[in-house]
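Shared between the two complexes below is chain A, which pairs with chain B and chain C, respectively.
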Partner chain A sequence: MKARVYVTLKPSVLDPQGKAIHHAVEGIGYHGITDVRQGKYFEVAVDGSLSPDEARAEVERIARDVLSNPVIEDYRVELDSSTEA
Partner chain B sequence: MKARVYVTLKPSVLDPQGKAIHHAVEGIGYHGITDVRQGKYFEVAVDGSLSPDEARAEVERIARDVLSNPVIEDYRVELDSSTEA
Partner chain C sequence: MKFGVVVFPGSNCDHDTYHVISKVIGQPVDFIWHRQDNLSDYDAIILPGGFAYGDYLRTGAIARFSPVMGAVKQFASRGGIVLGICNGFQILCEAGLLPGALLRNDKLKFVCKHVNIRVETTDTPFTLRCQRGQTLSVPIAHGDGNYFCDEQTLDELRRENRIIFRYSDARGLITPEANPNGSLDSIAGICNRERNVLGLMPHPERASEEILSSADGRIIFYSLADTLAELAKAS
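Here is the complex of A and B:
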């Protein structure tokens, strides 16, 4: 079973890396882009012996404790439904 | 309109950062995780004057040319449907 974890900076937190990308993208001539924010993305493969609920709980804990900094970041966990059964 | 870009290492490419996370997660006592791979995630805000098709084409170009290294990485673009209309 596979889970996907998305970690993004909270909207109130400045994202200098995203700003740099936005600036670069404008500099090389792309138009119509008003903002870029960068986050992190993790694919976590979970042992098939866990139920989907257990797997989600385990990955949520890892996302909160290891993969994100809850002071400045939000996280979102998705279980891959195609491999959930 | 908002687009999300996911950049992941191709499956054949080693991911030492993901391996380090996997090792750390096991070391602090999480069970049932068989693999972790890290990728990048971008939220790109697109000017509302572009049609959804134009916006997708523009973001696809940026994903290919700027946000990813096509030699070792794959990318995926999603237009946020809630803001697509």
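Here is the complex of A and C:
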């Protein structure tokens, strides 16, 4: 099984990297882009000994305790039980 | 009285800090490897600057799970003095010993230069030798020193007089130009509610001898030594 974890800055936190990317994108000539926010993406492989529910709970814990900092970041976990670990 | 300087894989100011404690202020000090989980021999613990665990994931994010950090938490909860410098400040925030977080510098550049910080209060074991409003010339060297916390936390820090150092100009004025990294309220250093844990981004250990162009930083270490001497007398 594979889980995907998306870690993003809270809306209240400024993202100077996203801003720099946004400026670059505008500078290149792309139109209609109003904002860019940079985040992190993790792929977590889980072995078959865990049920999908257990795997989700485990990855949620990892996302909360390790992969994100609750002061500045939010996270979202997606579980893909169709993939082999 | 004994100081301990924690060494994580990737610490790189551990020897500077050790040098200042042992040679400048002349106090006993040990290096403490990050696997050590007993700090009962020590009176003050310093988390030095550097790039613990390569700053992977986030600055301080992996270091906070080191065995020594469990011991540092216990040590701090019993009133032990803990000082985090630069990466040490980042680790203290990640570990929840100090509130807030250090974000990427607002201009996205690693900034390495001397700055001035203003002492906002002398009511800490780290600043008792200072004068309120005194400016210290100390270097910074970081890419992630942009202090952030939510509004409620900022209110608390202000109300409880826990903002200890702010970036200022040489005369002690807080200006946007004197803020090198975009830190909220020009915050350079804060302490916990009990006032025994302090984190700051500037490097006082790199400005503790005249030959290094400023010896302003050593007042922090002398303050600590005074505090420990008082504690030893009292016990």
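The rule is short, and it goes like this: the second predicted complex is superposed on the first by the 81 of 85 C-alpha atoms of A that agree within 3 Å, B and C clash if a C-alpha of one lies under 4 Å from a C-alpha of the other, contacts with A are read in each partner's own complex, and residues count from 1 in each chain.
Note that in this section contacts are C-beta pairs under 8 Å (C-beta built on N, C-alpha and C of every residue); 3 or more make two chains touch, one makes a residue touch a chain.
Because the structure is predicted, anything quoted here is derived from the model rather than measured.
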Comparing chain C with chain B, which touches more residues belonging to chain A? B
Contacts of A:L14 with chain B and chain C, given as first, second, both or neither: second
Once chain A of both complexes is superposed, is A:G32 in touch with chain B (first), chain C (second), both, or neither? first
Once the structures are superposed on A, label A:V66 by its partner contacts, choosing first (chain B), second (chain C), both or neither. both
Contact-wise, after the overlay, does A:S49 reach chain B, chain C, both or neither (first, second, both, neither)? first
Tell me the contact category for A:Y6 with respect to chain B and chain C: first, second, both or neither. first
Same chain A residues contacting chain B and chain C, which ones? 66-67
Taking the touch rule as given, give the residues of chain C at its contact with chain A in the complex, in rising order. 57-58, 61, 65, 93-94, 99-101, 103-108, 148-150, 182
Within their complex, state which residues of chain A touch chain C. 12-14, 16-17, 20, 66-67, 69, 71-72
The answer for chain B against chain A in the complex is residues 6-8, 18, 21, 24-25, 28, 30-47, 49-50, 54-55, 58, 61-62, 65-67
